[in-house]
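Across the two complexes that follow, chain A remains constant while its partner is chain B and subsequently chain C.
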Partner chain A sequence: MTTTTTTTRTAVARRDRLVNWNKVALYAALFVFLFVVLSPFFWIVKSSVSGPDELFKVPPVYLPHVTMENYRALADQVPLYEYVRNSLVYSVSSALLSVSVSFMAAYAFARISVPGRNLLLWLFVLTMALPEIATIIPLYRLLAEMKMLDSLIGLVIVMSSVLVPFTVWVLVAFIQQVPYEIEEAAIIDGANLFQIFRRIMIPLTSPALATMLVINFINAWNNLLYPLAFSVSPKSKTLSVAITEVFQARSPWGRPWNMVSALGVAMVIPAIILVLFSQKAIVRGLTRGAIK
Partner chain B sequence: MILRLGTAAYPIIETIQLSLRSFKNYGATEEYVGLGNFTYLPDDFGFKGAIEFTLMFVIISTLLQLVFGILIAQLLNANFKGRFLARAVNLIPWAIPTIVAAYAFRWILDDQFGMITHWWDLIAGYRPVVFTDPDGARWAVILVNVWKNAPFMAVVFLAGLQGIPEDLYDAAKVDGANAVQRFFSITLPMIVPLVVTMSTFFIIWQVASLDLIYGLTNGGPGVATQVLALRVYEEGLRYFNYGLASAISIVLLGLVAIIGMIGIFLFRRFEVSS
Partner chain C sequence: MPNIILQREPLKFGLGGWAIDSMTQILQELDFTGQTGIEVEVLTRPGAPDEMITQMASGAQAGNSPYDVIDFEDELAVTGSRAGWYMGLDDLLPSDFWDDWTEGALGVTDVWDRYDGELFRIHHNFEACYWWARKDWFDAKGIALPTTWEEAAALGDAFTDADAGVWATEDGLVSGGFLNVYLAVITMQAGGNPFEVGDEFRTALEYVNDLMKSKTLNPASLQKDYDQQNADYLADRVAFMRQWPFFYDLAHGAEDWYEEGKAVVILPPAGPAGAKNSTYAAGWGWGIPKNTKRGDEAKELVKWLVDKQNAAKMVDYSVWYLGARNSVLEAANGEGVAEYLQMYSDAGVIGTRPFDENFVQASSILEESASAYLTDQISLDDAVDQARSRMERL
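Up next is the complex of A and B:
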């Protein structure tokens, strides 16, 4: 009796010790991971609230006297209001347009059965691999001919078309999960396509639609190449172009790292908020295309 | 769909046509030169180097991203408090604009005032001059790229890990397999199809990416970190040399097509065998 208790006790103790070591290793790895991911953000947040005297110091000042001067000066240096507005219009419209177009295309792919449908879907999805940069010159000339250079409409159309293949790919999978019987019943009741969309498909696939809206918004918000190539004036330049301009501006002390950091922080905040609030949905959307 | 056809098929055809022409006076006049642009390419300053670094960049980046992606996925798959938050934090590098990451790291690696260079000084006793040293610049570009993209790999691998039935691990434990053996005999084989798919996609995306390099080194020092995508941008949209830029685009498209086909071939093999 006593012997068994002792053995059990040592076994438990040994397991405890083992678990603890695993825990230590786990938390150590976690710490390193978080540190590597987050320290760059600490650095740009810190730089964005440093005055010029504390920005260029050896060794670096890690806890500066916080000043909002950089953010204020930023608004004087670039047409910030226009750029923020353009970025928002560009990202929101691209997300809305791409998701609504993709929704209809995905519905067609999921429900209409014609021979060669899968091949068509594959070919369509394969255009995802087409590099943006390889299409930029023809698109530049095309937009110039259509008088759509330097216009948000042109940018939104081009960006949406890039977002569509992945969105269709994800949405087809979701729509196929909706049982066809529900629609059949509705059709028998005399519902038309528009009513089916509004009453059945959109409510049932709304989590997927919302997910793709978020992912596409982030992609458009982060996009640099199209606005950089197609925008000439503040009429259509976005924040990602703005940061390249701020970077190139010279200040008496060298690169205006405080301004670059301030704009960087401003551009990162929406992304972080979206990620924190919809982590699960984003992951579901991102993995949907890769798995299966 | 027609929209995507317009922005996918049309540019390819147009690019092929443009690549056979030469442009003068900032793209104002053009003339047919046949394959002239392509025969000029080997002599082009930086083209050969651009091909070399493009390949080096994508291959090393993708390998490192796979390794770190799997490691992070394993970490985030473990059971601990605050797992939800750690997973959200993991997505942040993916979600922030590449150009912001590029400038942030350019500042962090600044040879006089940067944070990492300061730490390097504390540990190793000297300040690395990253961006004027060809090797330093190349490694900076690759490692920052890994920092930005490995988390995305991790997200996908994490989903893959969660699809592996738990009892496989239990059975292996009963048989006395240790953690390393369990990883190589269960985890890795189960996610091989994912590894192949992700590698193919990442290589394709990165062959043609330029945001990061545009912001971090802009191809420098000299042409040490020059990539094909950046050459297309500079020739086409800075010097309006549409013909040459289109020719480089065609080379790029060829590269993408080859990688894509290898990827599909490998994927089929692993699908059948697993």
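Up next is the complex of A and C:
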């Protein structure tokens, strides 16, 4: 009896030690992960509040004398208010337009049975493989013909068209998981397509829609190529283009990394806020379908 | 008398962000619109050549142009002229136009601003690599400022204290454009053009390697850009260095640090080829994209910008318009960087920047070979052979 109790205690102690070691390993891995992820962010924030003379000091200065001079200089150099406003309009509009259009296209792909539907969907998705740079010239011609160069509307249309294939691809899978019987019941009760969308499909696929809105917003927010190629004036340039415009002293030589960092911080803050506020919806959208 | 042209939309004039305020002021105060009836919208173009080429290429390929007049650098000059982006400018200029230009600037124009005999860019500035020295350090040690390669190479013993991070000289030599600039200057001092990969290129590489091995040139220069190099100079870690004119503003702006004697400009240490053409000037200039829909108005603007009286007045607004034209140098009156440009011009040390038809690719080839040699990965023979064979295949 005593032997059995001792053996059991030893086993429990061993298990506890193992659990403790597992925890230590888990926390160590978490620490390493956080360090890798957060250290560049720390560095960019640190650089954004450092004077130019502190940026390249050896040994490095980890806790600089905080100055907001970089942000002030940045606001002097580029029309920051216009660029932030344009970035918001561009990103929000592109996200909304792409998700709205994609939702309807995905519904059609998921529900309407036509010969070659899957092939069509794959062809649609295949357009994602086209590198952005390869589409610049035809898009430039198109926007020029439509008198939409250097305009936010033109940029939103172009960006939305780029975001739609991936969004459709994701949403088709979600819509297919919603049992068609629910829609049939609604139709029997006299619901039209608009009501089905509003009362059934949108609520049931909302985690996916929210996820795609956030992802598309961030994609548009970070996009440089289209605003760079199609915009020349502050009425349509975005924050990402501002990075190509900040300068040092009175010449093109050198890069003002302190100001580039300040701009980087200004750019990343809206994305962080958005992700924090929509975290739950994103996790739901990424981890499960609509209903089972 | 300029033509009076009525128009609805303003002319789009693309300049680097650093030139926006001064140009806006110039156009207003010298009354361009009042004289010509042409409204101008001054726009910020991307500062770096890669992004500008992306922007210009998409417009040009689509038969359009984002700007009607642009201010552009050497990289864009080579790429754009070979791609047929720019309008010819010869017919804009009065017959005595070039009489106002210094010999050095004319040489640069012939090489960098003409293609197939046609002028496509008119320089408005002339930025030489200058040598800046800590005269206070030299005086304190009783050492003369270096005038030759040999004298410069001997300064490691006098100034370098690697443990304290202090070096006789340092440069911004990171690959991707920086190293190429230095190779061009040093090869010029050896008497050649790096793109020809001749004996002068070999001599230049060997000299740079010797500077590093003798602890005169900080080997970490190969990982530094101009910002880091300037930061080291302002942190009292460098006795003398080569740098572009923007260091003048940085040095004078560092109020806690700046004193007379901490950043004096000296002539480049002469190499085997002597003092003549021992540095070069890069420059920016005005041009008109061929696909602009407003060619006539754009020509009026460029004519106005390069007009002798206007160009001389523009230098009062910013050193960015300090070109090597006699009228401009006279107007600058030897103040600020103009003093150094005059000094270098008078000494005849400003040569023409080495040129290659495939400038960007050729620069990468030279940088790769030089970098491999200077980091002891390959021998000098291999570096030269490799660069030569790759240049031949280009």
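Of note:
Keep this in mind: the second predicted complex is superposed on the first by the 244 of 292 C-alpha atoms of A that agree within 3 Å, B and C clash if a C-alpha of one lies under 4 Å from a C-alpha of the other, contacts with A are read in each partner's own complex, and residues count from 1 in each chain.
Throughout what follows, a contact is a pair of C-beta atoms (placed from the backbone, for glycine too) under 8 Å apart; a residue touches a chain by one contact, two chains touch by 3 or more.
Everything quoted here is computed from the prediction, not taken from an experiment.
In the superposed model, A:A29 lies in contact with chain B only, and not with chain C. By the touch criterion defined above, A:V260 reaches chain B but does not reach chain C.
By the touch criterion defined above, A:Q77 lies against chain C but remains apart from chain B after alignment on the C-alpha atoms of chain A. Legend: residue contacts after superposition of the two complexes on their common chain; A:Q279 is shown touching chain B, with no touch to chain C.
In the superposition on chain A, A:V162 makes contact with chain B only, not with chain C.
By the touch criterion stated above, A:V268 is placed in contact with chain B alone, chain C being left untouched. When the two structures are aligned on the shared chain, A:V232 is found in touch with chain C, with no touch to chain B. By the touch criterion defined above, A:P52 reaches chain C but does not reach chain B. After overlaying the two complexes on the shared chain, residue contacts for A:A129 are found with chain B alone; chain C is out of touch. After superposition on the shared chain, chain A has more residues touched by B, the comparison being chain B against chain C. Residues common to the contacts of chain A with chain B and with chain C across the two structures: 55-58, 133, 136-138, 140-141, 225, 229, 244, 247, 255, 257. Looking at the complex, you find that chain B touches chain A at residues 1, 3-4, 6-8, 10-12, 14-15, 18, 72, 75, 78, 80, 84, 86-93, 95-101, 103-105, 107-108, 110, 112-115, 118, 147, 151-152, 155-156, 158-160, 163, 194, 197-198, 201, 204, 207-208, 210-211, 214-215, 229, 232-233, 236-237, 242, 245-246, 249, 252-253, 256, 260. Residues 12, 14, 16-19, 41, 43-48, 51, 54-55, 58-59, 61-64, 66-67, 73, 127, 165, 225-228, 230-232, 234-235, 244-246, 249-250, 253-254, 284, 318-320 of chain C are the ones that touch chain A when the two sit in their complex. Looking at the complex, you find that chain A touches chain C at residues 52-53, 55-58, 77-78, 133, 136-138, 140-141, 144, 149-150, 225, 228-230, 232-233, 241, 244-257. Touching chain B in their complex are the following residues of chain A: 23, 26-27, 29-30, 33-34, 36-41, 43-44, 47, 55-60, 101, 105, 124, 126-127, 129-142, 157-158, 160-162, 164-165, 218, 221-222, 224-225, 229, 240, 243-244, 247, 255, 257, 260-261, 264, 267-268, 271-272, 274-276, 279, 282-283, 286-287, 290-291.
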